[in-house]
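Below, subunit A partners subunit B and then partners subunit C, in two separate complexes.
Coming up: the complex of A and B.
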């Protein structure tokens, strides 16, 4: 009995780690939900020149690719973005409507800890957020103990999506420079 | 206390002191290693020991780390796309991420298009990742090879069909007919100098500094007997503290 209990205690971190990882929503399903079933054609925004520097300032490092796909209809845009929490990228869907964050959702979580950021009690804090003049979120997002790095990644992605959404409205962004 | 008894006591104390000294000298070097590595391990994150890697040849040889001899390389113009282990390189530059199964690479204008790991990578001439296209981005599954047709359009072949992307690589359409004038990417031999450089690079990305520090700290670095030697050193330290205290107490009397 004691041996079983010890084994259970030893395996508990492994078990909870594997529980955290998973695909919570397919990117296609997120897009379909955002655009009420009919996803618009994707477009791309290039991260070059000043935009590349601005993204680097927002994230604290450069984005792993030079272009990002997005989907836009009217005032609404949707973004599938990735940012590393501790070791692995967190795939996140962000919808922006009229310059305000409509919803943010963890689509694929690959880390062993910190999956609490996928729950609505956390993601709801971002609703209607926008960027202030300094490029920061206009509100305080409460953290989650034990998920500091995932929280930080989610905040960065929210800022990135808001920034990129604003950029798409400034000019034509599809062609490569 | 008689004179003889006092002499006997002094002799005993001196012999204890000699033992204490030998134990101290024996444990000194190992204590130094344990203390220094212990302090460094306490600051792993400050010094990025978990993300920095050992590049010293003799340490890598000591650990028996060698680069895989099996490399898969595709020449693209005068450049090479090479997969070694899970590392992908454009010439000597490593592309971020881990990969497997390189199906081919072609050049399209100023861009390299690489079919690897069921993905399509778009790379700049400098090896920067423009985009990584995956199944969810609409690329066909099970790409067998990649090439360009007589109009220089990129074509990929799956086990069943041929597909062609649009100019932005956002949409893929199936080609009804077998493309004409195809130039499929074919694997080639790697330049020996480049091969050697990649093998060195590969070896230098495997062993984190933190692992070496941990092994030095526990004694595992020195082989199977290492931990026992370090256990002995720990035992000596315990004995040193006891004999030191004992000698101090005796002298006070």
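Coming up: the complex of A and C.
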């Protein structure tokens, strides 16, 4: 019994991250990386009317905010979005370029499991993804065993960012003051 | 005539003069034009200022609404209630089966499960699973606590837990909500050999070793089987109900998920006495298990092998010193807009008295069927079951229907 307990203790922190609990990249750092160091001023897109309904259909629930801040320069836009995996929100950065998903990254992961979704072997699947005419991603995203709900949340956020990026290019979107 | 000509001329002159006077009156002077422009400019500036003020009011209103949603302060009593609700999660799953088999024709609400969890702080939480089997506690029903543990995040990738939890072995043991597996009933190999669902009270560690590599290690109550059960491992589950802890067990697992859609894992378990000291003819036990769980695009493949090695003349006398089984399950999933339809086949083979040369106890079963997901969390299932058992074991053939959900 004591030998087993000793073994248990020896297995403590084998691999640790360097940031605070659950934070893999600060949002400001993600934006700076996306815009090569010069982050533009944020704009705002309001989730009203048909856009609100479309977002609700896309996520399966209302987005918990009346408006979403985003950053845009030319064809590139960046979004900091959240979606609950199992029971905690996953904060994700998504960059869109010319209507295609350029990168998606887990910024803050608060759940107790499923954090494998932060690794490139999962997120690389989203590169160059776009929405099809039914509002779905144009490819299959393979999941991770034991992280089904985290995978589902990431897919929803990818679709949301692609949809909102397309919306920002329509005339009636008002930039932030 | 002269009068008429004169009158016409005068009239024309008057009309022209009148139009000229009117035209002269309409056209503002340059000075007036400048005044009008300046006035309009002031009105435009006023409108812009008003619009900016309205935008600020709308933004402030949106800030106020959103802060109410996320505010954890509030009054003393309402703040406490709101915080409790916000940090408590409820979930569950359930499944009802119709079995039309040689052994029985039955409708059974097999499982009704509720999860309760509470987040005390960002890195300390409680999780539990309460299950009602077969609808009530009369006849074969049961109310069971299958999970109830406290988990602490030592670091962002290393976690410790204490309490009652599912052991890290097999594919179904930890993940067995109905929409997550094919077939109405859980496969007989994991059921009889692992033995799924297997939970125990103890302490454990789990975490990430490197990207795609994770481990689990636990020390927990062991099995307590007996000669009366032919040392069958499934009969040895104590379910942390006044469990005999004379001989604890240790379980370790290494898992690789380094490619999306692929899981490879291996578990090993050791227990010093599988009868908790109750049978001098029985001794230690080892469990070895390995599996692959692959889902790439529409293709799926599950394969698992598990083997028990029981020491002692007691298990040896009935051939239970080796208990083993394996299965392989290919599948294919079709997408139908937002819904999915999956087809599968599974070959199962297991033996809880594999070393008994006097009695051929090997069991073989083939399942084939369909899962239909109208929603990712709801599933309808149908499968046919065909057995080809050796020795005196009767075949149990037929088909099964099931409905299941998770939330």
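Keep this in mind: the second predicted complex is superposed on the first by the 153 of 177 C-alpha atoms of A that agree within 3 Å, B and C clash if a C-alpha of one lies under 4 Å from a C-alpha of the other, contacts with A are read in each partner's own complex, and residues count from 1 in each chain.
Note that a contact is a pair of C-beta atoms (placed from the backbone, for glycine too) under 8 Å apart; a residue touches a chain by one contact, two chains touch by 3 or more.
This is a predicted model, so every value here is computed, not measured.
In the superposition on chain A, A:98 makes contact with neither subunit B nor subunit C.
Residue contacts after overlaying the shared chain place A:29 against neither subunit B nor subunit C. By the document's definition of touching, of the two partners only subunit C reaches A:144; subunit B does not.
Comparing subunit C and subunit B on the residues of subunit A they touch gives the larger count to C. By the touch criterion defined above, A:65 reaches both subunit B and subunit C. Once both structures are placed on chain A, subunit A residues 64-67 are touched by subunit B and, in the other complex, by subunit C. Listed in rising order, the residues of subunit A touching subunit C in the complex are 1, 4-5, 7-8, 11-17, 19-23, 64-67, 86-88, 109-110, 112, 115-116, 119, 121-122, 125, 134, 140-146, 148, 152, 177.
Here subunit C touches subunit A in the complex through residues 52, 55-56, 62, 65-66, 69, 89, 91, 117, 119, 122-123, 125, 127, 151, 153-159, 174-175, 180, 203, 205, 207-212, 214-215, 217, 219, 248, 250, 257-261, 263, 293, 295-298, 337, 376, going by the rule given at the top. By the touch criterion given at the top, residues 26-28, 41-42, 44, 64-67, 69, 174 of subunit A touch subunit B in their complex. Put simply, subunit B touches subunit A in their complex at residues 96-97, 124, 128-132, 136-137, 168, 170.
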